[in-house]
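The first chain written gets the first letter, and so on, giving A, B and C; residue counts start at 1 in each chain.
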Amino acid sequence: MDAFNNFLTGTVTLFSDPIGILIFFGGVVGGMLFGAIPGVSMLTLAAILLPFTAHLSPEHGIMLFSVIYCTGVYGGAITAILFNIPGAPENAPTAFDGYPMTQNGEAGKAVGAAVMCSAIGGVASCIVMMAATAAIADWAISAFGPPEIFALVFFGLAVAASVGAKSFWKGWLSIMAGLMIAVVGLDPVGGLERYNFDMPYLAAGIHFIPTILGFFAVSEIFVQAEKKATGSYNAPKLSVDFPTFKELWQHKIAVVRSAIIGFFCGVLPGIGATLAAFMGYNEAVRWSKDREGFGKGKMEGVISSETANNAATGAAMIPLLALGLPGGALTAMMVGVFQMHDMEPGPLVFINSPDLVWVVFAAMFFANLSILLVGFLEAKTIVNLLRIPFQYLAPLILLLATVGAYAVRGLTIDVVVMFVAGVAGFFLRRSGYSVAGIVLGLILGKIGEQTFAQAMQMLHFEFSGFLGRPIALGLLIAGFITILASIYGAFFKKVPASSSAG
Amino acid sequence: MGKLTKGQIVEGAFWLILAAFFFAYSFEFNNNIEIYKYGATLWPRVILLLIALAAIGQLLDQRKNGDAASTSKIAAIHEDSAQDSQHNSLGWYINTFILLCLPFAYMIVPDIIIEKTGTPEEGTAKINIICGAVLFLAYIAISWRNHVGAILTLPLFFAAMMQDMGFYALAPVFIIGVMILMGERRPTRMAMVMLLIYGILIAFFVSLLYVGLPTGYISPFYDFGTWMVNTFQ
Amino acid sequence: MTVKKYLLNASVALAMSAIAGHAAAECATDSLPASMEGPDGYPERALTMIVPYGPAGGSGQVAQAMAEAVTGLTDVSINRDHKPGGSGTVGMTAYMAAPADGYTVLEHIDDAASAHALDSTKPNPADDLIPLVTSQITFSQIYIRTEEDRFTDWNSFVEWVKAQDGKATIANVSKEGSMERVTMKFITDATGMQIQQISFDKGAPRYGALAGGQVDALFEQPGDVRSFLDAGKFKPILTILKEAPDAFADVPDLVDAGLDFEPLLRFRGFYVNAGAPEDRVEWLKWAFQKAYCQEDYQAYNESKFMTLIDSYRDTDGSKELITETVAQYRAVYKTMGLEVK
């Protein structure tokens, strides 16, 4: 019961300090707001706030970022559902079913499901995090070296290729296009410039934030604008009709399954919530009796994706706090917060500043709980954004996206990249490609190539080396089985002419 | 047999040409890396090969089965774009392509002129401004009958000019431009909405959160940008 | 050498240097005037500091510490503009494009010198820029896990590596021609051992690889792995300097290990465009050099192991350091067969 006592102490510390309470609620509201405003994301907020944390105490700084992390991952679901604009890559699968639900006039139900499941996934993962951080972290770094992470990326890509595109070929072409975008910039072994066409700014590579904003936010504006130009624009239907408890209870298995998947993916450095959300969604499809219904507005899709990505947040804190190894962009910024206070996350933090650790754990627990309360209130307000006439909303979203894309690295090339991705997304979506697949390819491509190179260096350029690493081998086999299954499904198991041809 | 549509052929050709071009370009960085014998080219080349294979596979599949071929069981989710015949003709694609090239011309042409004429440091701003104005007029002329093309191109112009002219000076023009393209015509409404959006952005990001947005590099835009930053930050 | 002993040594050395710093208060720029008027009311607005790396890494942090020290000294605020990517080339390009009016300064590291050595069309930090101050200079070490039992010190490590027939591994950065990779080449040439380098572009996964036992050793600078050293997880087995600093007196240096090459240093400093008005540059030099001795900045440097060797160079000293470094790299690149433009 040590953990429980520590948790109580952390809670008391957190809520007995007025400044702490202020920062906690500031983080809760800020994360949700930036997550839920189309065009900017929690990463924008985090990048902006990072220099200010130098003026906070370390407890408050880390707590603020972890609270933003929890609520921001949830907030990104709101824009994914309402506007087809995922606030972060981990919200992309939420849009698969969430946006169709909005179009069917069920925005309230989708948002309600996201609120409930984000909170459940987050709280569950917090509990495991509190119970077992040190043990899990040690296991993860010694069991998961570059070969294992490469194998996991391969498995993840195999899974993602079968989600979201119109056909088998288009799914793979989407992923491959994303992998090619990731190649632009410096190569991960020798630092050679690739495909920057002698433009120095392109040597920085193509960042996933502007790309996501372009493929989702900007291209969505273009699609709606075309409809407006041709007179086929329909304002989205507004509803604040939240799901009943009974409706949610029907999906309890999906919630548990996604929470486990999310937690597992979250622990692995560099993979995190994005793959968690994709795998959660894909497993939901695979286990379902009604596969055809996915992508057309099925609540289970939203539930699976949102439970998984919030379950990954608590898990991602494990390698960060116990080993000093950040899993994604936001946790990397948390390392920066630590270092600004002359601290390094890692084993010493548990020894030197147990108070800090438990205040942060308590804050994350309550941040996830507060999603329930504040989230419902906020969702009711944010849904009203849909009331703004499109001709005024469009310039606002485009400019917010411009700020969001620029603020990440301070490069105007990122704004150009965003709008190019917007135009490309506009044409690709017409042809049935999956923009989410491209984005996942881009994110996993960088990790994939780097870990492949490291694995080859470690295994002395012999593929047989994978045979000696059972976890890597298992994941590679699982990846191949996934690919074979999707080939079988696409070419040999003909279903009677599917309803949505062309 | 023979069910390929023109669109499918163009699509397949696009992927194959793309793969071939990038494969050829990969020889540019085909250097040895001492500690990694696969070098910087193995990974992109394998991906390009797979792209080419998938593109050919898709073409063969479509030729055999038409468009219904190998549709995945998880239905397409993004079939919401209006497939209007007006926005599918060859003429429309060509017009739109020319439009989309204009912003990139702005990123390249002034530098070439400056280099060719040997313009001194002080004169470069003028060349940038003149090129920008000429290209923008060309944009208005070409997009006159291509509404969707105009919408796709305007943000690219905004982005391409931002490095030189800055966010602060361009944003108001951009807001009004988007509103006009979206069908708003009432001047007072436009002015009010413009001021509101611009005001929100400046108040929130510049005054409250100290975000350094691009001020631009050339006068008078640079001076306006730094003035805005100093006033509101 | 036991961990405890090493820690004791390190902390004693640190305490000594702290005492020396405070009691004698002999900091490099104490002789500069305590305040200085800028020319014609300059600076009348905030300065911008372009940082070619992210806010969380070593460069981002030194930029923040220095910016705050300058602001504390002069009341002129400094906005930091992070433009990471392309091993620092992106920030450099953006800096050279910005107006040279003395309102924009640049943070950069020795990568700018090695980039210029490889390709002379890239800006020369000693020539196209004016160094205001070099405020961090540090050295590299080779680390192993403390609990490692296959080898325990440099000699047994070299022996073990040779016995592995090229299959031993060391984690290093992923940039050909970088300080790290060139130094590793020096070491392997001098010892005659063959070791496979594994390339990591970010720090954290590199440290994780050693902590998790994925690699056998790690090449790094002490300030970056200080938490692992303090926690007793890693221990240094070789200091890549001719003469080890007191804090690492027990770790063999190049002379002890019998390795004969000129060690390359990592340095971080602040620059202004050489085209900026001269009187403004003079003021900036004063502000940045004086800020180096501000108490907060010194405390920061100490926490990053940046006081173990002399970390300060003024403008002329920095130019000398950069010019020497460029020449050194150019010579190495030629022997490595790299194409020097």
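Heads up, the rule we're going with is that contacts are C-beta pairs under 8 Å (C-beta built on N, C-alpha and C of every residue); 3 or more make two chains touch, one makes a residue touch a chain.
Computed from a predicted structure; not experimentally measured.
The minimum number of touch steps linking chain A to chain B comes to 1.
Relative to the centroid of every protein C-alpha atom shown, the closest chain centre, again from C-alpha atoms, is found for A. Across every pairing of chains, the maximum count of C-beta contacts belongs to A-B. Between chain A and chain B the centroid-to-centroid distance comes to 25 Å (mean Cα coordinates, whole Å). Separation between the centroids of chain B and chain C, computed from CA atoms only, is 39 Å.
Centre-to-centre, using mean CA coordinates, chain A is 34 Å away from chain C.
Touching two or more other chains at once are residues 187, 189-190, 192-193, 410, 453, 457 of chain A. Shared contact sites, meaning residues of chain C that touch two or more other chains, fall at 81, 176, 196-197, 199. Within chain B, the positions touching two or more other chains are listed as 33-36, 163, 210, 212. Interface residues of chain A facing chain B in the complex, by the touch rule stated above, are 48-49, 96, 99-100, 103, 162-173, 176-177, 179-180, 183, 187, 189-190, 192-195, 218, 222-223, 225-230, 232, 285, 291-292, 294-296, 390-392, 394-396, 398-400, 402-403, 406-407, 410, 412, 415-416, 418-420, 422-423, 426, 429-432, 434-435, 449, 452-453, 456-457, 461, 486, 489-491, 495, 497-502. Of all residues in chain C, those touching chain B in their complex are 45-46, 48, 79, 81, 97-99, 103, 176, 181, 185, 196-197, 199. The touching residues of chain B, when paired with chain C in their complex, are 33-36, 163, 210, 212, 217, 222, 226, 229-230, 233. Interface of chain C with chain A (complex): residues 54-57, 60-61, 64, 68, 80-87, 89-90, 93-94, 166-167, 169, 174-178, 196-201, 204-205, 207-209, 211-215, 226-228, 230-231, 233, 300, 303.
For chain A in complex with chain C, the touching residues are 47, 50-51, 54, 141-142, 144-146, 185-193, 200-201, 203-205, 269-270, 319, 323-326, 332-333, 335-336, 339-340, 342-348, 351, 409-411, 450, 453-454, 457-458, 460.
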